[in-house]
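There are structures below to look over.
Shared between the two complexes below is chain A, which pairs with chain B and chain C, respectively.
And now, the complex of A and B:
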């Protein structure tokens, strides 16, 4: 660039990058390091290394049950969220729907409303109608929270895609299911992949709605970690957290391979 | 309307109406329960009936403001550096921002508990330098909450500002430099004003998220430093004072809407 960058600016920029990298990553790194501790207590840096806490969580009924529950929950939430969100995004972008701007606002509105409010509301509703919250109450809460992500990613992809292909399929008499299967859904695929990633990840990590809707048999993994942190944290919490970080990292690599991370971040 | 979009919209609209709008509306109705069978503001009056609850509300707002300032101080320059850099630096910074964002807030706060607590990483680094006394800890302090919340919310600021800066025409910057403006002058007079919509929307987003955040203030601050979200949880599960909990949750919603709605209108005016 004309004029070049002054050396002071380069040094400041490099310093900023290092500070931010440390600030963002050290909290994750201390969790990972603590999980390999050999001691009974959560101290950092650990005195001695071992894998005993990983053995501990895999033989712990509470951790295994919570992990399975979270996986089941996130899977059901992802399927429902993608189905509902993709339908909404297709309707908004592909059809001249009256009030489409207001509709988009409606679908994104769960992002604006504090999740506390949703948690209290679903707890009240489920107590009144179903005698208390359960698996499906939690599914409902998480689909509400994740739906905006799916609507946004799918709508963004469809808005850029070529509409005339669908028009062509329509004019040439393709039945609706072939039009969707061969044109609309393939065009929406990168958006659906990104939306599914967000939905799964947000549901698997979410703790606030899950805390309000806590009931016997609905303890998610983040919730189990949260309550251990409140009362008696030991390195087993770090081991469970490390596995969750690992899963997130693997999902991110998969998403990056599939559609590119920078596109998703923007 | 044609049949196809109606069929497509039926599911998502019915779902949100039944499981989002109705439950939230129910909370709002309960918040305006007058206590005598009719509607009224009795629950909100209770918020100001003693010295405790205004303190909680003010702490919530103060922490959210400080967190917004801190994320802006780090996030705006970071976004510019990301914008100007390419190759592996940009890719690495993207991972640095996005990986923590995708990690559960519970886990990130856990990391801060290990860093900020007594005998934690920060104390071990500062105590040998005689910068702090023995048993130094930022747990149960507002400073600790702000530090942890800043890390949790920095990605929202950085990515929002980055999106705005990326839309700025690069040639404007180059024109300023060609005509003799220095880097700092160009930043102050060209880049910052053009990035302002992104800075404003990033700040509003961070403020709204910080004001309603629950996990980080609860774990770092504990019961000694309650915020609105924690108070709501306390009333729902502890004292079972549902109308009062509903009123405080409504206050949170009002706080969030107060900062977000003016911005949404601003954005629409600009778009039209």
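And now, the complex of A and C:
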């Protein structure tokens, strides 16, 4: 290559990549390693190896209940935010909705508003309007947090899609609802899948809004891990976290198989 | 099949006028080319016919029925897009079945038969189960054409259908489009910026400029008798030389006098097509000529494109490949006065 990057800069860039990757991976490695510890205490490096903490969490009522609750919550949140977010993204990109740029900004705003602020606001609003914390209050709170991901991914895919495909369907006699079903939704599919992936993970992982909006006596998995860490830190916490990492990894593989990650990355 | 008629058709986008009061009648079964440079309004015209844009004024009639207010999904026309606009998530057969399903034309078996027939028409039998991304550009183009035809529309609209193909494929497809039109005799309207394509494909050419029809007529007529300097330049790659006519002589400023066919006296433009000009040492009987000097010679396959100067005027000449002149040489620029037009 003529006038390319000098070798020194390339070596430095590679080194920087390695450092950043390590920085991102070390916490994961520490957690995963600790989860296989035989010790009673959460220490690193682990002393002795065993699977006892996995057995422990699967036989623990608290863990199973919390995981089941988080799973139900994340599933409902994902379905709702995909339905609402995809509709909003289609409206913004496919119709000249008045002020669609301002709307886009508005839909993305929960990404930058501190979640603690959202939590307080949602708590106060729900106490006034919906009889206080509970499952559906928490769903509503999480949908606010996850909606931007869906709007963003679906709008990005639709903005790049060839508009003449929809026009072609029109000239072929397709009324609007059949155009949405046969053309727009298939075009939006990679964005919907990616948005659902983010929505599920964010909801499953979210602790701040959940702290404010959960009903008394219910625990989500992240909240349970947090309280365990605070009061009785043992390697079961690491085992639960490792299973969460595993679930995310499996979801990513599924997403890649279904639509290809390279379509989502853009 | 149907005739098509527009009256006073206009389209404004804000302050910009894309189409400015166009009147046009197209007979049943005609092959019409809307020709013009980019921004002349030809694509807007086509989109208005399809119903994809709403006109600011005027009416559109297809087969005697006023369709001006009808949305595209209820006009029943066939349209092929420049990008082909195939459904990427459907197979070739799925793409072709789509218009039949949307219009509920026939039962499943009848639809399958129509799909097979349309694929045979564009010579793509056997590719029913492929997806568009598995096809070459030329094959995609044929699928798009077949999809526009499959529901037997009364009018076929083609938006720059060949512009994404390479030169050889484009020539092949031109021939196929002509054959197809001869076979099924469908009223066809083609948008193109390529004058060669328009003249060779269509039996009626509509030359457009700045939202208006500059000139319309059969290809030979419009080529032989351009009505304006714009038409002469765009259709025939012609040279335009300012002259002053007195009787049957025209004075070419700074270059000499040449005989012309009878015309009114006064300042005019002499239209000289590249292929009507020759470079020789001496004139032949009845020829007009001007002394000229060769400026540049470019080889282009079947012949040479020679740029010459006659006085202050530059002209393009299409010369045979065995021309013995070099840049800087002097020669006589000759033509038959009957071939030259005066505007």
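Following the convention adopted for this analysis, the second predicted complex is superposed on the first by the 235 of 266 C-alpha atoms of A that agree within 3 Å, B and C clash if a C-alpha of one lies under 4 Å from a C-alpha of the other, contacts with A are read in each partner's own complex, and residues count from 1 in each chain.
Criterion: a residue touches a chain if its C-beta (ideal position, glycine included) is under 8 Å from a C-beta of that chain, and two chains touch if they have at least 3 such contacts.
What you see is a predicted model, and the numbers here were worked out from it, not measured in a lab.
Comparing chain B with chain C, the partner in contact with more residues of chain A is B.
Within the superposed three-chain model, A:168 lies in touch with chain C and out of touch with chain B [touch as defined at top]. Residue contacts after overlaying the shared chain place A:15 against neither chain B nor chain C. When both complexes are overlaid on chain A, the residue A:182 reaches chain C alone and has no touch with chain B. In the superposed model, A:84 lies in contact with chain B only, and not with chain C.
By the touch criterion defined above, A:102 lies against neither chain B nor chain C after alignment on the C-alpha atoms of chain A.
Once the two complexes are laid over each other on the shared chain, residue contacts for A:250 go to neither chain B nor chain C. With the contact threshold set out at the top, not one residue of chain A is in contact with chain B in one structure and with chain C in the other.
Chain C meets chain A in the complex at residues 50-52, 71-79, 81-83, 85-89, 98-99, 102-103, 147, 151, 157. Those residues of chain A that touch chain B in the complex are listed here as 1-3, 5-6, 9, 13, 16-17, 19-21, 23-31, 34, 42-44, 83-85, 87-88, 90-91, 94-95, 97-98, 103, 105-107, 109-110, 112-118, 120-125, 140-141, 143-144, 147, 151, 176, 201, 204-208, 211-212, 222, 225-226, 229-230, 233, 237-238, 241, 244-245, 248-249, 251-252, 261-262, 264-266.
On the side of chain A, the complex with chain C involves touching residues 162, 164-165, 167-175, 178, 182-183, 186, 189.
Note for the complex: chain B touches chain A at residues 1-2, 4-5, 8-9, 11-13, 15-16, 19-20, 22-27, 30, 74, 77-78, 81, 84-85, 89-100, 102-115, 119-121, 148, 151, 154, 159, 162-163, 166, 173-174, 177-178, 182-184, 208, 211-212, 214-215, 218-219, 229, 232-233, 236, 242, 245-246, 249-250, 252-253, 256-257, 260, 264.
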